[in-house]
Amino acid sequence: MSIFVDRDTRLVVQGITGRDGSFHTSQMMEYGTQVVAGVTPGKGGQRFNRTVPVFDTVADAVAETGANTSVIYVPARFASDAIYEAADAGIELIVCISEGVPVLDMTRVIPFLREKGTRLIGPNCPGAISPGRSKVGIIPGTICREGNVGVVSRSGTLTYEIIHQLSGNGYGQSTCIGIGGDPIIGTNFIECLAAFEADPDTNAIVLIGEIGGTDEQQAAQYVADHVTKPVVGFIAGQTAPPGRRMGHAGAIISGSSGTAAEKMAALEAAGICVMKRPADVVSLLKERL
Amino acid sequence: MSIFVDRDTRLVVQGITGRDGSFHTSQMMEYGTQVVAGVTPGKGGQRFNRTVPVFDTVADAVAETGANTSVIYVPARFASDAIYEAADAGIELIVCISEGVPVLDMTRVIPFLREKGTRLIGPNCPGAISPGRSKVGIIPGTICREGNVGVVSRSGTLTYEIIHQLSGNGYGQSTCIGIGGDPIIGTNFIECLAAFEADPDTNAIVLIGEIGGTDEQQAAQYVADHVTKPVVGFIAGQTAPPGRRMGHAGAIISGSSGTAAEKMAALEAAGICVMKRPADVVSLLKERL
Amino acid sequence: MNLHEYQARTLLKAAGVPVPDGEVATTPDEVETIARAMGGGVVIKAQVHSGGRGKAGGVKLVENAAEARAAAEKILGMTIKGLTVNKVLVAPAAKITSESYVGIIVDRESQRPVIMVSPEGGVDIEEVAAKTPDKIFKLAIDPRFGLMPYQAMSLAFKLYDDVKQVRQAAVVMQRLYQAFVDAGGSLAEINPLITNDEGAVLALDAKISVDDNELDRKPAIAELRDLSAEAEAEIAAREAGLSFIKLDGYVGCCVNGAGLAMATMDLVKYYGGEPANFLDIGGSSNPEKVVTALKIIGADSNVRSVLFNIFGGITRCDDVANGIVAATSQMSFEIPLVIRLTGTNEKLAVQILEEAGFSALNDMDEAVEKAVQIAKEAA
Amino acid sequence: MNLHEYQARTLLKAAGVPVPDGEVATTPDEVETIARAMGGGVVIKAQVHSGGRGKAGGVKLVENAAEARAAAEKILGMTIKGLTVNKVLVAPAAKITSESYVGIIVDRESQRPVIMVSPEGGVDIEEVAAKTPDKIFKLAIDPRFGLMPYQAMSLAFKLYDDVKQVRQAAVVMQRLYQAFVDAGGSLAEINPLITNDEGAVLALDAKISVDDNELDRKPAIAELRDLSAEAEAEIAAREAGLSFIKLDGYVGCCVNGAGLAMATMDLVKYYGGEPANFLDIGGSSNPEKVVTALKIIGADSNVRSVLFNIFGGITRCDDVANGIVAATSQMSFEIPLVIRLTGTNEKLAVQILEEAGFSALNDMDEAVEKAVQIAKEAA
């Protein structure tokens, strides 16, 4: 199996006619994702690539195509509205790729989603891919390989690097998820760990964190308490200076509980093998499996 | 028994040191209500009538006294804040007496209460009384009598008139509730009907409605579908001209579905005996019991 | 409280809704000057708190300034549903290519503000609702989030095909909602929302009603009240904290509580009489209120008896009794009174009344029957 | 983006927060004139984006205009944590009877704005949090409802006993929250919130940081950016859409993606080197960005090798390769480059680079090790 995205994913692409949206829709379709609809207001009635019907609203797309998952490629300032729209239309899983969504927007989005019972992955994330089954987002399909390692990460290209190491050394993936680097995100490490723990096709989990916040510490505690499968971890930002922002908003060291050293210690205390460098993922997995 | 208020009601009075608040607190205490606390910001540490401790916040009052019910006598423009505060402090039942609460305030209060799981009675209502047990609000205790008739009403003094008729003719009450005459209220007819239906000490129900809205029609449908106990009804406003407001905001005839004639017909169609005048309540109850 | 069209237009304009030019005038001279400055055809619209202005002749489309003056002479001073026209709005005649409807009300059932739109605008929306309900689209707004862009867009797609107009209309809806909230509205309406020959979406006519309970905290809105547009008795009642509505009967009613007041009117009818008014003296008792109430009721020449029906709760019967004694001693009040009092301080009240030469009843039916009988005998 | 104290004060004042008078000056002459007009003692405060201004000598309390001038001469032009002081705020010396702290941040854990208050104000709040955490009171704000009056009151009761001051402070907190939301804040702070000898509650010092992602839709806030208060390289990076932070090492890094950039820096350290910077060229590829990146890195005289680490996803490797070729042909770039590329259009990129005389690696560890080695050899 896999988590969150699979063969039964019926995807609607919000912002399908935009530059990023159209490029990645083609990529997802090539990969085999069931892209059933697109949404661009004012382009309802058209078809994307002569096949995928485009609608004015997500509600129309859901009514006509039974889409259950959406991926959002709209500009950041429209992203929260796109999330509300998808949740309101009954979409079960929303993957928001858009980068630069104002954090205060997210503080309002979160309780809305909770009321609707909708899962959001992101924003500012590469999405999720279940190799060989379905890809929702922008993780390059070519670097992935079917298998039994679950990957969950706050990062984008760093995730690719680690997936690349895994695939190149015979470790395929059940699902790879980038949860996003922003301070407020829809799905956190713990929810992914729980899903991987419950997934019969996942044998081991790779967790890729970074400085800032306390998500990794909480994830470590969760692993200690609830996860029976082997977990291998990485924390980026050991050399980052305290108090400075490293590119995306996730990487702020707030108080004393966001340093790489602290996070690595927390992971180790929870019985998670911590990599010193991305390439270590292979040897550590080998040890544990 | 009774519904909503009873001997286990532990009441905190919001606005206890105000003109209305202090008068009615004395009345409730005389009646035997367990008034365990009062709230007036800045008067924390004082005592009302040398007995009831006064607190700065409802949270303090709940923490110190275990209050489970609140009654609100603050000016209308502060009423919604008082409701939020009580709900946030874990109060289970809030009775808001204040008249003149802006309707848009109520549109925001309602979803807040729903999330907290708090019941609100009112605003702009006389409150509830379970004769001989507890009184929360302003219904004169002297006109009530212990018994087995449940009374639920959108009105204030009209309710007193009907209670007066009941008590004077040997029909005591299990609980009398004024749900309030505003367009948006916390507890509607149906919720009261359901509670009376479930209350073993209620044998019959008196429902007092008025023109405006469609609450009575929906209540009638609910009675037809779910209520086994005899119900007697009254609708005020048969002579009210269409399209004009009669005193409180509840009495607006909106479209075709708010006239007294229509409501009376709906009640009758549901098997509810409809009074022609308040005094008929006694003879109709006699017939049904 | 209802706002005039020109006031509603000003609020919408301030909220960023595109509204065509328009000026208010109170004399034909002013109208002529404004029309001349605008050039071309103009529309002259009576500013009264009443629907059906068009049917009553209160809206005129004219070709030039001279015609505008002539139309203004007819409209200014005319009476529409009992209300005198003191002001008119003068606006350039719009080149209309479509007329839609957009309105927001507070809905009792969903307990939320509800926005309604229809591509059938410019007409009575209640008729559209009755005849072609499938042409009305409604959406309940979650006030915690407001009217969100995607919601406004989805409604705007029901009005227009051109996505540029859809976007314009969506923005209008969001701003209308903001104006509605900011004004403390119970209703906000644009009818018609037009498109003109240049493809622009504009609010041609606007209506806003405000929840009276908002006025305390919205002084700028409260100042928009136009006393000249209201009946004198209703102004006096409001200022005294009474709820009063004049009716066509002859039994004056003075009651505490709106529900009991309506039930009293109904009982007047039950006993063969006709109520002259709805009057609720409210919850907290104050002898002054009774004085004002009696003055207002006494000013109605149709009234042949006055019925007091007081159920004392918060209202103390003795306060009402004192009010009756004070009012009747201040003014020569010729109309016979029938007084029913029960509840808080009832005994004291009866004593006060008896000392002043009045008698008081205890039973509502008895009192109503007597008041009707006296009125009929006086006919 | 950080606002200066004087900018934050202006925003708070506009939101209705009581703020003592104060004026900004850029010369000692101006300071003297302002201080004379104010009369009595004044405080002169350096306007730089840095904490610890007081300790660094950037804040001076003086008795009169002449002393103000003298203080201004010292402060204007001084350097605090690498930032030059170009502006000072001049404000009357306040008669302070108490100092509290009020701050709002966006909290990752509750996923909400959190307001923190403490009766221990005027000092570093992180120290208070560390030493006496029981003197800090926090409340998560539901952004759907805002900071409600009862919440603000309950916090204000933690600061004051006098209910008049409690009410004033509660209003300050609500307005601070409004200012925070309106500015698109990531932090808004009043430290200290004082009471003066007349019992009034006032915001003596204010700090607001804005979420950069808000600036697009808040042009008035974006205009508050003070380029003179920022390092040149960071301005150039931001304008090119790069994230850049200068560090103290000697291996320049140019990476796509923040996580990979940090992991690359960590790997430099792992192989015994020291990274010279954090630099993320972002998601969408554009040869111009690479040009700017190389210019910024090249301007750092400590840099002895430059490491490119590109994992092609959305970023196309050929775009980066073209950027490298373009940049090195436009400018004389003497520092040796180590290039690692993999992913989208990798082969094309390698071809482009080889044609221009560069070689490219495929493995991250190999590339990092090599870059460190080259830098060490060049030392």
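For reference, chains read A, B, C and D in written order, and residue numbers begin at 1 within each chain.
Throughout what follows, contacts are C-beta pairs under 8 Å (C-beta built on N, C-alpha and C of every residue); 3 or more make two chains touch, one makes a residue touch a chain.
Nothing here was measured: the structure is a model prediction, and the numbers come from that model.
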Pair sharing more residue contacts (C-beta pairs) when A-C is set against B-C: B-C
Separation of mean Cα positions, chain D and chain C [Å, integer]: 54
Separation of chain B from chain C, taking each centre as the mean of its C-alpha atoms, in whole Å: 28
Whole-Å gap between the CA centroids of chain A and chain B: 50
Junction residues of chain A - those touching two or more other chains: 108
Sites on chain D at which at least two other chains make contact: 144-145
Pairwise touch network: line, ring, star, complete, or other: other
Contacting residues of chain D [partner chain A, same complex]: 106, 108-109, 111-113, 126, 129, 142-144, 181, 184-186, 211, 213-214, 216-217, 243, 245, 247, 255-263, 265-270, 275, 278, 280, 283-284, 311-315, 342-344, 364-365
Parts of chain D lying in touch with chain B, wherever the complex brings them together: 145, 148-151, 153-154, 157, 163, 166-167
Of all residues in chain B, those that touch chain D in their complex: 41-42, 44, 56-59, 78, 81-82, 84-85, 88, 108, 112
In the complex, chain D residues that touch chain C: 144-145
Chain C contact footprint on chain B (complex, rising order): 20, 76-77, 99-104, 106-108, 110-111, 126, 138-140, 142-143, 153-161, 164, 181, 183-184, 208, 210-211, 213-215, 234, 236-241, 244-251, 254-255, 260, 276-279
